[in-house]
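Look at the two complexes coming up: chain A is in both, with chain B in one and chain C in the other.
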Partner chain A sequence: MVKRTQKLPFLFCFSDELMDSATFVIIFLNGLYYAFALFLITIGLNILYGILRVLNIAHGGFYAMGAFITWFLMNAAEQAGAPIYLVWLCIPVGALLVALVSITLEPILFKRLYKLPEEYSLLATFALMLMLDDVLRMVFGGDPLSANQLFNYMGTISILGKTYPAYNFVIYACALILALGLWAFLYRTNMGRILRGAAQDSSMASALGVNTSILYTQVFFLAFFIAGLGGAVYLPATSAYSGMGFEAIVLSFVVMIIGGLGSLRGALVASLIIGLVRGFGIYYVPRLELAFVFIILIVTLIFRPRGLFGRKFTREEK
Partner chain B sequence: MSEEQKISRRSFLQTAAAGVVGLGVGAGIGYGVSRMAAPPPELVTETTKPVKDVPKDPIKLGIISWFTGPAAMVGEAVHNAAEMTSDVINTGGGILGREIEVLKRDAGPTDVTVEAYRRYVLEDEVDLVVGDIGGSNANAITSHVENLKVPWFLQCSTTQAMVEEINPNPTFLFRSGEQNLAEPNIAAQVIAKEFPDAKKIGGINPDYVYGHEAMEYTMEALNKLAPNMESVIETWPQLYATDFSSQITAVLDAKPDVVITACWGGDFVTFAKQATAYGLFEQTKVISILGSMALNSLTKDIVPPGVWMLQRDYYFELPPHNLYPLNKWFVEEYQRRYNKIPEFDVMQVFSAVFAYKQAIEKIYDLKESYPENEEICKMIQGSQVVSPAGHRTITKDGQFLNPLPYGKTIHDPKYPIATLDPETIGVVIPEYVYNPKSLPPVLEYPLGTGMKYSDWIATW
Partner chain C sequence: MKPYQIVALIGLVIACLLPFIISKYYTFILAVTFCFAIYALGYNILFGRTGLLSFGHALYLGLGAYTVAFLMRPSLGAYRIFSMELILLIVIAVSLLVGLMLGAICVRYTRIFFGLINLGFVSLWYSLLYKLRDYTGGSDGLPVYMPTLFGIEFGYETFRTFVFYYYVLGIFLLAAFIMWRIYESPFGLALKAIRENGVRAEFIGIPIGRYRLAAYVISAIYGAIGGALWAPLSGQVSPDISSWLSSGDVVFMNILGGMHTFAGPIVGAFVFYNLKVQVMHFTTYWSIILGGIVIFFVIIFPGGIMGWVSRAIPKIRKRFYAQKD
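Moving on, here comes the complex of A and B:
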């Protein structure tokens, strides 16, 4: 019989002791890290759905593209012996390149999906996702790719005697700035008001002189930029690998459903709930890591099917 | 000039362009092959009998492996290996004059993988299949391979259930990589030998059958070799995880003396990066069971010196190049072609295809006619084959017996990746265990008796 200190080794491998305060802080930060990474992946998807009602499965592919393109840029910068500020610059440039490449797909594919039921969006963007994944693998190969300059440059800090990677704070900062920036953009600017108005009634917006075609292109650009940014910012802390978009998109949808489809606030709160529950859950019940996310999803669907901050469905939508 | 003989300017230009492209491609292929260094004499085998009545069509080598998704690196390595092996064999005149043609299909869920194999056999009429498909797929495929009688050489996809219960005596199914339980055995031996004072063991292993088997059986073996050790924490990140921080924190909090991880591919790269940042490698000893699968991605800023790494059944520096020119040639040729160091999958495919070639030539020597699949498979069983990792013995049940190298990482300026410190490299044969607490101290796995590997561990 294998010796283990856990009381119930199969399922409930509870730790025997309560954690100390330093461990609590680190697990809390780990939870935030996972939450903000999820938020960065989800938010572009949420914007597209919230404003254009397009369920873009290929969002995961653009997120992966952000990671791969940024890897290429960072690798080139390293080969050229570029100073560190240029390596930092690779992150927004990578995101921008994703947006520029992706925006060409808007007139070809996405524009045709606006007026169609959501099932068409799901199928068409799933096909696009498969193609993007194959193209990335053909271009960059099957090996996991890692760009470590920024992660190593930031190094580690000591928190209550525990070592912690400083780069994680870049992810926190990026997610918070993005959340605040988007909130300010959507709720405190004329452009944001127009966008929200067009989301509610695009015909009325057109009748009032809004060029919705250009407006939608701008929304796509923003969503693709954020998708690319998610991959680019996350890359230094992890690695870029074939299929990473699929892993991301599943979790993004879970966040969207828990938070409420199209809700910015919902995406942030749902990411935080998932991240923190998962972080503490792994400490106490490591065998149930994957289950935590889906337990939260099921509970949400039972008690609040429209999500924490989702709008009420109309009679027709039901 | 008749109507048929008229050549328009457009068709002329098309033909000329096609010709130029064809010449270019042909020249490119020819250049590629011609640049290949002559293979060592061990690889140049042929029949002693005059070749006659042998089919002229090429031998079709089908690959089924992951070419998409997070495990695409495996498919890429298998494909590279098949391509290089077929080039070597074709350059030397093929197998009894038959060239090898490489085909590939993507593995997927079980139904997709089974379908891929069936289509290979029934539509493409392939002669042999190589490739990794994952444990559950391998379990499902075995009956199809035995029914359709086209040999398949698996590499890593060898669960104990498949080897010991589902298909313990296969005719057409071979495993050119070691069975899964070999690694926990070696991991336990390394821990018992290198960290005799360790008491607390932790685990960060992927949450699927391989990860669980790795942890479970390492602890089983350790229970025999070092009864003072116990598992204090086991964490199970999902397969293809991008965040290990919570697992690493939980493990650090349990203060284990040694941490076992069976994470592989991109998972190991991310794990190692985050483990470095959280100080895991500084605060405890880490032994990686399968991290070497992503050998070419293990750069020095990801894997620090001092990590103990198992290498499955091939490490590119073993046997030493000065003592074994075949391995030197193999590594250099693979690097020339793909700008990468060959991983263990590459060696496994290479040795599998050469075992197939050797069997056909031996049978032809004996009966002077081209053999059927069953004859080929039976000839492979119980034979020996030359490989870049040294000679391999193949058991009667199709298992290639492979010693497993391991060692502690260093940062050698010769290589861009973390490699093994030659001072620490050891090689263990999984079918033997040295247990000084038992009599006799060296125990041998009774091959061919049907004894389960775990039952053998229980006898230590």
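Moving on, here comes the complex of A and C:
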């Protein structure tokens, strides 16, 4: 007899009393589900920190904005009776809209933060996060909004005799393609080389003829786009609710530190670690699930403050 | 008497007379404000003086508040403690211990790493408060009963709107006086040197690790006292007091008031909390206004209100004397 448990929000998890390989696979997949949400936020954070030295707390807000804008689009598409491929199109369009809206903040706010010490940029982006959350609440109301046409359209698939939503595999594929694409972009294209050069020494890059001002705007655009995409791609599986940015950003910081500030590889590995710890933690010890995550963070900071793949500190930074 | 002493004395006289002038509700609000002023004042020795930005100081606010609730739990039976003075002593001891333990880990880092490890600790603490429902009451929190002050029990309304205000004011004055002495001491000046340049401070023989730890512990104790005084006023403690958003509030108080001045955090706590109360009367979208103010201050006036005042006074004085001549 298969019993349904309600331990995981928004996810289907069917389990026997005993732990079997199928349950294990489901928990593992749920872990990946958490991991890739964090990954999509953290790579944006890491790009911004690695290149501009801005630690953007407001990034969770852009993630939330992605979910809300995509909800608006999908809702409109549903009311207009649009075919399903148009609903699919809402995801990239939503992410693009987030990037277009957010990029207007760059000259107003972020440009002024480059010169300030890191602590100030931390504060200013924290304040921006508060504002974004309230603006979203003001525009879209405080109730959770769900648009699950795609989720229902994809249906479920059977894994070792257990049902699992097929839409989640879209998320996994999306995150992996994005990770590979970013890696190829940064390490195989000319633009990527320029970016990495500017990250190491921006004044030298501008001396060599790189227009760093435009470059920085492009970097912001990319980071906002990825954050918006994260929110957009997760919307059909969950819902858009006020405060989702706050939840996401704290865990993303944990991922960022464990992986190492500014490291893409670190972001992937650490988000997998945190995602799986959460997945298994929710299943076995739901009470201490979050505590585990922060204990990992603290242990990392104590024994390896630069993270798994972070670069070494200079003397001044210590 | 120096001008700032006169201003402080006038402020004190006004603070003592206010409960007779303003309504009971505002006396209550003002008492809460003084609790936060103690908290902000303690935070300033870490942030403004030593230059360590912590995004997790609500841990100590929550520690103080929850200690009060724990000591008053009905399940303690005959061992329940209601004497506020005794409670405060226990709170100081607890926060000293916790501050020493966590501080020993935290002060090994500076800059954003310090901020983020504190964020880690406060999130851990918050998740424990939230999830260990049997001990902490989960999201409902714990009730806080009325303590006795100097062995005297007061009625509910008198306590919350009159007597406790003076109690908090007295402790605030004591705390501010001690903090002033710390700031003026060689230790306080050494902290300033550490803020300006840690490497050079080390070269001239300041043990920066131990001094940072001392600053951390002092701020922890102040935060816990603020929380312990706030708890009976609120009548209830819940995990929200220790969320990382609440940790952000104290940073805002310091930025708003001016973190490099002594009176800055006090002014900041007053402006911040009263602004919050006023704005919340007519809109729930308080964060937009708060966020806007903070961004404005960070970009245009990094010195805060008192920083601006302390720059403006010499100018005014110069103009005043110029007219006399």
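Before moving on, here are some points about what is shown:
Just so it is clear, the second predicted complex is superposed on the first by the 300 of 318 C-alpha atoms of A that agree within 3 Å, B and C clash if a C-alpha of one lies under 4 Å from a C-alpha of the other, contacts with A are read in each partner's own complex, and residues count from 1 in each chain.
The rule is simple: contacts are C-beta pairs under 8 Å (C-beta built on N, C-alpha and C of every residue); 3 or more make two chains touch, one makes a residue touch a chain.
Since the structure is predicted, the reported quantities are computational estimates derived from the model, not experimental observations.
In this overlay on chain A, chain B clashes with chain C.
Within the superposed three-chain arrangement, the count of touched residues of chain A is higher for B, of the candidates chain B and chain C.
Contacts of A:246 after superposition: both chain B and chain C are touched.
Look at A:207: by the touch rule set out above, it reaches neither chain B nor chain C.
After overlaying the two complexes on the shared chain, residue contacts for A:80 are found with neither chain B nor chain C. Of the two partner chains placed around the shared chain by superposition, chain B and chain C are both touched by A:137. Looking at the shared chain after the overlay, A:282 reaches chain B, while chain C stays out of its contact range. Of the two partner chains, chain B and chain C are each touched by A:290.
When both complexes are overlaid on chain A, the residue A:234 reaches chain B alone and has no touch with chain C.
Residue overlap on chain A between the chain B contacts of one complex and the chain C contacts of the other covers 133-134, 137, 246, 286-287, 289-290. Contact residues on chain A toward chain C in their complex (touch as defined above): 55, 109, 112, 116, 118-120, 122-124, 126-131, 133-135, 137-138, 246, 250, 253-254, 257, 286-291, 294-295, 297-298, 301-302, 305, 315-318. By the touch criterion stated above, chain A contacts chain B in their complex at residues 1-6, 9, 13, 15, 19, 23, 26-27, 30-31, 33-34, 37, 133-134, 137, 141-146, 148, 151-152, 156, 162-165, 167-168, 234, 237-239, 241-244, 246-247, 278-279, 282-283, 286-287, 289-290.
Of all residues in chain B, only 67-76, 207, 216, 219-220, 223, 229-238, 240, 242-243, 245-247, 249-250, 252-254, 265-266, 269-270, 273-274, 277-279, 282, 294, 296-297, 299, 301-302, 340 touch chain A in the complex they form.
Those residues of chain C lying in contact with chain A across their complex are 53, 55, 105, 109-113, 115-117, 119-121, 123-124, 127-128, 130-132, 199, 244-245, 248, 251-252, 255, 285-288, 290-292, 294-295, 298-299, 302.
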